[in-house]
Amino acid sequence: MKFGTAIGIVISIIGIAVGATMEGTNVMVVINVPAILIVLVGTFGATMAACGLPSMIRLPKLYMKCLMPADLDLVGRVNEIVGYAEKARRDGLLALDEQLASVDDPYTRKGLQLVVDGTDPELVAEVLEAENDAMRKRHAMCVQPFDKAGGYAPTMGIIGTVFGLVHVLTNLSQPETLGPMISSAFIATLLGVASANVVYLPVSSRLKGLSQEEMHFREMTLEGILAIQAGDNPRVVEEKLMASVPSAGGMWSTSADLVRFGEG
Amino acid sequence: MKFGTAIGIVISIIGIAVGATMEGTNVMVVINVPAILIVLVGTFGATMAACGLPSMIRLPKLYMKCLMPADLDLVGRVNEIVGYAEKARRDGLLALDEQLASVDDPYTRKGLQLVVDGTDPELVAEVLEAENDAMRKRHAMCVQPFDKAGGYAPTMGIIGTVFGLVHVLTNLSQPETLGPMISSAFIATLLGVASANVVYLPVSSRLKGLSQEEMHFREMTLEGILAIQAGDNPRVVEEKLMASVPSAGGMWSTSADLVRFGEG
Amino acid sequence: MKFGTAIGIVISIIGIAVGATMEGTNVMVVINVPAILIVLVGTFGATMAACGLPSMIRLPKLYMKCLMPADLDLVGRVNEIVGYAEKARRDGLLALDEQLASVDDPYTRKGLQLVVDGTDPELVAEVLEAENDAMRKRHAMCVQPFDKAGGYAPTMGIIGTVFGLVHVLTNLSQPETLGPMISSAFIATLLGVASANVVYLPVSSRLKGLSQEEMHFREMTLEGILAIQAGDNPRVVEEKLMASVPSAGGMWSTSADLVRFGEG
Amino acid sequence: MKFGTAIGIVISIIGIAVGATMEGTNVMVVINVPAILIVLVGTFGATMAACGLPSMIRLPKLYMKCLMPADLDLVGRVNEIVGYAEKARRDGLLALDEQLASVDDPYTRKGLQLVVDGTDPELVAEVLEAENDAMRKRHAMCVQPFDKAGGYAPTMGIIGTVFGLVHVLTNLSQPETLGPMISSAFIATLLGVASANVVYLPVSSRLKGLSQEEMHFREMTLEGILAIQAGDNPRVVEEKLMASVPSAGGMWSTSADLVRFGEG
Amino acid sequence: MKFGTAIGIVISIIGIAVGATMEGTNVMVVINVPAILIVLVGTFGATMAACGLPSMIRLPKLYMKCLMPADLDLVGRVNEIVGYAEKARRDGLLALDEQLASVDDPYTRKGLQLVVDGTDPELVAEVLEAENDAMRKRHAMCVQPFDKAGGYAPTMGIIGTVFGLVHVLTNLSQPETLGPMISSAFIATLLGVASANVVYLPVSSRLKGLSQEEMHFREMTLEGILAIQAGDNPRVVEEKLMASVPSAGGMWSTSADLVRFGEG
């Protein structure tokens, strides 16, 4: 499930490459150095100008995150939190202190630490929501370069093609070279449109989706921590949290009484 | 009424096919394997990259949901809820317990269960609204692949056409094959634009509309359940709920004093 | 004033037709059956797929509403409500009961009925706002098909044109027929762009405007009814309501001290 | 400063005209009656259909407002309000009554009248905010025709050009007339794109900006009136209001310690 | 890090220029006076018409701000505020008075001054938020000309190109000059698309990003000032503020337990 973006990009490229080959085109024509310079470097520069240097430095890591996202184990997290709730219910909130060291997720740990410290519930919510808010802003900044590149790349392709046509039109005296020259000019459009629609824009969408999932994950965690602090019954905590876990059948339940999108 | 999307797609395809045939085009030219590979597989891959693998696996089911949506019987639901309200009014809230097993809709059942359990009204509203919120998010995720495909398909068509033109332009020495080759290149554009505007985008719109209707259905149910819990008079419950049921004449009342859109 | 949309569409068509005729084109070329099939039927089908069947059945009525909108007499409504306010002030709220039968507008009547029944002010506001909310949703659903058609029509035009060009390109051997065939192919683009920009999109905008006006009309009515219930002085009621009536000089006052848009 | 829009439009037209003349084009070719009919009349009709007749009647006045906007003297208004605050502080709120007749701005006068009448502060705010809200709606309706025209004009240009090409393509037998005929067809595109981007869209942006400024002006006035009613110290009133006056150096302060956009 | 925009624009221009040169085009063809007049002057005029004269006068300064943004030292600011918090804790709020003169940042100084003056905490927040709000509006007005120019420039390019083609088409009798003339016509498109995508739009994005950063900076400062006034423990103040400082490793922490975007 995790490699959807990598697989999707590969499928898309294969589909285009095989189709183009069957049409008779040598797919290698896209390895056209002038077009690559104009489209890829031009897009890179414009994106850096739009987003600033640090954003560009983050890009390779983000590509990797996007191609191999960490799994978010919603059910595991629910079980973990229910475990803390049981312990807190049984032995008191302070008993969670000894477990803190073994909490893997720093966000959960921070939240439980605040609870153990006896922080006011409103302040706990405020601090954790501030964390979420900061994460949302960071994520938005991370997605921006892909969005921008997806917008600039096709126009860089057009710039490359128009430059090529300008060259062609000033050399009409050698008609036998016209075809290949125009053809070469169009490679820039190809590269621009394809890089935007096969890579930049899908990656941007995917990162936005991953960001939403992570936000959802954290909001569920936050709700659980607040429920623990409120001393809720562990069964109630579980029910509350499970409400935000998509059922096993995927995005919708699989029972017979589905209506419309499969919701009851 | 239910098959509007299926019928609409068929009408649209027939209109285009008959028109094209009358123009003299053999409609079968669209069965062009390279173009299909580039446009359909390219769009599929880019959409998977954008939305992740699980979203793609859901697609066939969603197509079916969209082509054959379940009916949402608003009036039936109102009557059902008014029935519960009468029983609750007559025999007390606990009397609803025995009816729970026969409640078809899991959402209604969950809500009534909470009421019967004596849950705090605010908590009932909170739990049911959390369910609605989760449904809205799931629906949005379900619609996304169609939206994305509707955006990627035309550009995949352009990629296919430009690849075709690049091929043509490097083979200008055989002018007699130019026409068919260019013609073939344009099939990709055709497929891209048509698949987006006849299938992907309309399906996306339709799913959004169905989602809104279902949300409306649930909000009405929620309002009814809260009214039952508050011990409202069944007549008041009915009046409240009927306010959100479009009148029999369709989207607007049919009385003579309609103003503008047919509202009073 | 009321026939702005009908007049506007006619002006636009006349402008285009006369201009095209002066250019030397026979305007009747647009009566091209294949193009009409592809563009009009294709758009109709895609719109039905997007909006569902009931939305399409409503369309003719909506066209008529849009071309001949009912007048919303804001000042008349204000006077009517001030009249009720005076009666209520003089003879008590219950005195309004006898006038209810003669209230034309069902919305006003419903509101006054609630007031006469001694309903809690908050509940009156809630019920009437729910009506407004339902109306807003219905209006949005009514406008959607025009919006969608305005988006699909130009692309259907492109589909028709590309189909025509594909046909032309596979028949390059008869160069003398090329011109008329290409010309015919472009009729589809013409029809698509013109139907969207002369009919669908303006009608959609106009319906949105009418919807806003009606919403404004209702909100003013609602405010008046609540003021009556609160026992406000009729002069105060009038002043309050007149604040939301554009002054006689049209959208802005005509006094000499206008600033900018003519506001004081 | 005030004539930015008029000057801008003139600069833009001069730039285009001089550039085109240097390219060798006779700029007078744009005086092409068929193209003007199609683009200008077509756009006018579609805009009227979209916005209704009254909106079109307002247009000439709005053009004038936009080209010669009244000055909004923020500092003058602040001083005026501080003057009232001083008088109210010294002689009591009722002392403002005698000054009311000399208040130029109807909005300020209305607000002070309400204050003098001893209206409840919340009601004063409510009435004045309702005025602002109504103004915002009116402004939005005033801007709409320019926005719409900016959207329709380029497509009308395309319609004109395609009509011209259709005519050309059916008359391929006289090749010597082809060039001028195609050239003439493109005039429609020129007119459509230029009228939208040199006139309609900039005017729309400018009107939006003027509307925001006027709204800001009124919000500041409202704040001042409420401060007077609350009996604030005139110095406090001044400080509060000056906070919303851009400093003398223009949009940002001119001190040396500017950070980023010139904010401290 | 600071010169990202300048470097990005240079990279983009170099990429395009080198690529075009490798294609064989003489890059100097873009120095085409008619095209420059139409695109640059036309865009300048339309932007002035849209944004008003003062906005245009600010432009050069904004370009410089964008190319060489001041550094926002978040950690330094946190330390500074924590220092004030310690002093206030130790010696009382009034002790901050003597430090006011040495506070560099006018915003911080204004806030501390209000605190020292014993202003009500709510009023402190209100005044400082009004400042932020005013800054946000000013920034939005500063960004607008770049946004608008990015939208107008490509269409000015199209206007220039169509004018050129119109000229070409009326001079078809000299076929040997056709190529260079069409080529020259396309320079306008090149300039329009390139200026928008390499300069205007990236600068607009960058200014928006800088504005957000500065807003974030101020919100953090505001939070710190309110915490000082509330007498919070300096350690708590520090922890609160550090939550909104991205960690040293850049946009995300570098610990091993990163999930997804690198958040815990």
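Each chain carries a letter (A, B, C, D and E) given by its place in the written order, and its residues are counted from 1.
By definition in this document, a residue touches a chain if its C-beta (ideal position, glycine included) is under 8 Å from a C-beta of that chain, and two chains touch if they have at least 3 such contacts.
This one's a predicted model, so the numbers in the text were calculated from it and none came from an experiment.
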{"item": "Contact-graph distance - origin chain C, target chain D", "value": "1"}
{"item": "Fitted rotation between chain B and its twin chain E in degrees, CA, nearest 5", "value": "145"}
{"item": "Separation of mean Cα positions, chain E and chain C [Å, integer]", "value": "40"}
{"item": "For chain A paired with chain E, centre-to-centre distance based on mean C-alpha positions, whole Å", "value": "25"}
{"item": "Chain-level touch network, classified as line, ring, star, complete or other", "value": "ring"}
{"item": "Chain order around the ring, beginning at chain C and proceeding next to chain D", "value": "C, D, E, A, B"}
{"item": "Chain B contact footprint on chain C (complex, rising order)", "value": "33-58, 61-62, 65, 69-70, 72, 104-107, 127, 130-131, 134-135, 137-139, 141-142, 144, 148, 151-152, 155-156, 158-160, 162-172, 184-185, 188, 207, 210-211, 213-214"}
{"item": "In the complex, chain A residues that touch chain B", "value": "1, 3-16, 18-20, 22-25, 29, 154, 178-180, 182-183, 186-187, 189-190, 193-194, 196-199, 201-203, 205-206, 209, 216, 240, 243-244, 246, 250-253, 255, 257-264"}
